[in-house]
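Both of the next two complexes hold chain A, though its partner changes from chain B to chain C.
Take a look at the complex of A and B:
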């Protein structure tokens, strides 16, 4: 135990001497959260809509205002021929084009069915899906209104016009703000990145400067040495994680519906696993350059792509889903989103917390083994 | 004339030297070839926001043939998978809380009777809003499915009542999706990889190659050779430019032949503009190398202050138009932003130079500014 403290004290002294790195480790995650949290946004609003109104009656204008007043569409321009509409789609000046045919007003007032065309730019499938959904529901409502006005089919007052309808209720995130989904992911991502890169360089640095020889001679067991190396970074990472979390609450209104104790436990095992990953990298790499590259490769890409941060794991092909099982952020994200958004109790999160603990223990063990082999 | 030849020869020797150094470092070869393929695989397979097989739990409080028919409709749809059927609404809660079901559908008692007698039946759906993006899509599917069911009911009823033309509504909505009719997010993400890979490979490698010479002191030796400064810079950067060209071909080939992303525009236009973009990223690498003393600094600077902001703020992941105004302003200085519009335009929309010239001009302007900055900085350092 005393040797752990001795190693930790030595490491801490080294960290404190390098003020700039300390500042980067502590504050950069919160700063990144500020910028990227605002930038990462899936909410589809202000869709630029071009309108080709070949009718020009009060009915066609009513339909256009139904789109604009929905709050989802902005009128980007009125065009008079299809080529102009195409031009606007090509140049990203419009994301959707509403085409109202000639005779639209006459048809709907006399009880006929008028075709209305909506052309959607599908390049971004995600946005396009939302646009199609909004356009469909606006057109349905308008359709019902027009037929009601035409006196053809007046729904009885107060009744539901459809024989079957669905009343959706959304739990945990009723306004469906994508920030509440993405910010926890960003927290997991930033803390992972910072923790891995901080420890990834620590042992390699000793290798490069030659002080590893002294460590080899020192009367410290391998495991106490690893623990002592990790402890100071663990403290810094916890502070940094707390800053990021508070920033997320202040800036993005991230709720906290569960227990702080569970949150602290989840953060602790997750950070421990991340720091251990960095140490393992550090024992493998010979130079800081290699260590940094490997650290980025094992922390940046999988945490971004395979953790469920942005892309739902359920939609991935089977073989990738299998790979996501060794990505610690996957488990941490389930726990974090559960605690913060759903108020899930620790007892329901045991599988996730257990997986994180196993990951941390396994990687710490591997790192000790590698280092022990080096020292032997 | 002979001096011109000699100068050309010097440049060639310098490029050859750089290639020899690249070859001596097998890890570098790994980064150049493996990194693009790894990223393509991850982005091609993992980066999908498509929602299918939504897990749904049904609380069937009715247990009638009508309710079973509705559940059957959900199960038959490729958008949904019914994972469990329970009887009371309270039973669905653990499913939603643990995230095993994204949507819980409650069919109240008396649903079958309502359908039989023609009273409007109201179903309740509870959706887990945690993943707002997927939930929006899933609710859209549910509404559409129930809407279709409702329409069929109306039709059978009016047929039974002897009405020949059931109310089709005043508007016949014809929604068409251009450029990506199947709405596959892969088609959107993969062209973006081209932009990302070129940035990662060329900017990073070029920066580190120059800083390495600084660190081991060989830059001083190069400085005292009769090489002109532009020759030195060109000789160091050109090999990485060639690697960039290799990556352009590699990524385009994998995108088109493996992931079957349509390349609707001209390949040569794509290739030419990619070359311009590679010049920009090389210039960025040069700039990073002039402001860094050690390889570690170069890597940190490149990764944290250039690569990460570029990935997040360029529109690679999320549309720029969704970002707040302040951040939208920042995106204008990111070259990736312009290049993404270009690659996606050429791949998916098949547009040409007439549409893309503003982006090309912005890219060229950006490159010019960065090259001048880098040359100004390096003139202070090298001479």
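Take a look at the complex of A and C:
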């Protein structure tokens, strides 16, 4: 026990003395959250819209205002020639074109159906889908308004009441703000990255300087040494995770609907797995440079691509889905999103927390085996 | 009982045999020098004796404990210091001492007492709060030695302890070793500074994993008992070497700085005769005289013989 404390105290003193590392550990995650949080945004706003108004009535102008006032579209220009609209699309001066045909005003005021064309630049499928979605919803609202107004004067004959009315409700994130979906992913990603690299580097640094050899000459078992060495990083990683979490609440309005205790437990098992991964990396790498590269490779890519952070796991090919089963962030994300967005209770997250615990135990076991082999 | 007893110690890494059937004893309080070129097997042997590496075959008793069987128990009885002065650069002198005290399980009173001893011994009083990385080489080395003997081990392993340290610091360091030895500590030291080896009570020379020779300094010099060594100083030593090699009485020659050492076959040749012969060849020759064999002569001779043996 004294040796665990001696190692932990030494490690803390080294970290504190090494200001740069300390700063990186404490503040870089929160800083990254800021940068990524604002850049990684799937919400589409300020879409440049060109309007080809062949009608020029108050109704057509009302429709244009409906687009502009929605907040999603910016009017990039009004043209009168189809080729001019195409030119604007080609030059990227407009992402979408709204074409209002001649006679639009007359048709809608008499209760008829007026075709309106929306041309969308499909080079970015994500944006295009969003644009079509926004345009459809604006047109539906406008359509209802027009028919209502028309109905005041002459109810359209033979108008069939819609037999089924769908009123979708989106729970937990009613505004569908992508930040609420992405920020938990970012938290998972940043804490994993920091813990794996800091642990791996701290041990490989001792290999490089030869101090680890000196410590091995002492009657300190592998376990107390590792425990003493990783405990401070566990503490720092928890603090760093808390900072990131608070930053996410302040900057992105991340809610906290579940229990703090459950959140702490989820973070703890997740960080334990991350530290174990760092430890395993340190048994493979002999230099800090190699350790850093391996640490990036094993923490960054899977957490980003295979965790459900951005890409839904259910839509991946089967073999990739199989690989995601060993990515701890996959389980942590389910738990984290559940706790903060839905207030899911710990009892419902047992499979995820269990998977994280198994991951941590397995990797820790593997790392110990490798460390023991080093000694033989 | 001997402090260290090594019997048929062998370590293989795959097909490569790093240490090959090595046996020797080290008496308590002895300073035992372990010599050999880089890669000869010195460090591998030390690592086995410290319980860091399992022997492939053979046994080693260190402080009466079989290191192959109980490596952890051995660690409490030994101190180890390596060529790299394994201190924590970002910790102060005091913090390094308390760290090593902590991992060796020293209690508060004992640590306080030993801390005083180390500060005194290493001449570090007044520098307790200096970072280890800001210490000069000699101080770092003495602090590393202090940390290695913090738990008062009866046996001390020093693996090339004086690499990269100035001569004055080396001298001070060796005085500390002598003091430790006088107080009963057994010291096994590897070095390739042969002037340091001369300060050992006994030396063993290891070559290509095998023990080539072992004994006191006069003992190992006995291989030159019937083969006098003549030191020749000449303006053009390489030419002098060629000339000497051409003489039937000369067994072999080697360069020592600007001088040439010629090993003569038994019976030999008077230095004067050699000088006359060299002058006759038109060489400008300085003093020619018989000299005592140095450890370097021994080292070169032993390696030559071992290689000749391997070739045969």
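By definition in this document, the second predicted complex is superposed on the first by the 344 of 376 C-alpha atoms of A that agree within 3 Å, B and C clash if a C-alpha of one lies under 4 Å from a C-alpha of the other, contacts with A are read in each partner's own complex, and residues count from 1 in each chain.
Following the convention adopted for this analysis, contacts are C-beta pairs under 8 Å (C-beta built on N, C-alpha and C of every residue); 3 or more make two chains touch, one makes a residue touch a chain.
Note that the coordinates shown come from a computational prediction; the quantities given were computed from them, not determined experimentally.
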Does chain B (first) or chain C (second) touch A:57, or do both, or does neither? neither
Quick check for you: in the superposed arrangement, does A:44 touch first (chain B), second (chain C), both or neither? first
Should A:249 be classified as contacting the first partner (chain B), the second (chain C), both, or neither? neither
Does chain A have more residues touched by chain B or by chain C? B
Contact-wise, after the overlay, does A:14 reach chain B, chain C, both or neither (first, second, both, neither)? second
Scan A:70 for contacts with chain B and chain C and give back first, second, both or neither. neither
Report for A:259: first if it touches chain B alone, second if chain C alone, otherwise both or neither. neither
Between chain B and chain C, which residues of chain A are contacted by each of them? none
Residue numbers of chain A touching chain C in their complex, please. 2-3, 5-7, 9-10, 13-14, 17-18, 209-211, 213-221, 375-376
Spell out the residues on chain C that touch chain A in their complex, using ranges where they run on. 50, 52-54, 72-73, 75-76, 78, 80-82, 84, 86-91, 95, 98-105, 131
Mind pulling up the chain A residues that touch chain B in the complex? 24, 28, 32, 35-36, 38-46, 48, 63, 87, 89-92, 107-108, 111-130, 132-133, 135-137, 139-140, 142-147, 150, 152-153, 159-174, 176-178, 180-181, 201, 288-290, 292-293, 296, 301, 305-306, 310-312, 314-317, 320, 334, 337-338, 341-342, 344, 348
Which residues of chain B touch chain A in the complex? 27, 31, 38-39, 42-43, 45-53, 55, 70, 96-99, 105, 115, 118, 120-137, 139-140, 142-144, 146-147, 149-150, 153-154, 157, 167-181, 183-185, 187-188, 208, 295-296, 299-300, 303-304, 308-309, 312-313, 317-319, 321-324, 326-327, 341, 344-345, 348-349, 351, 355
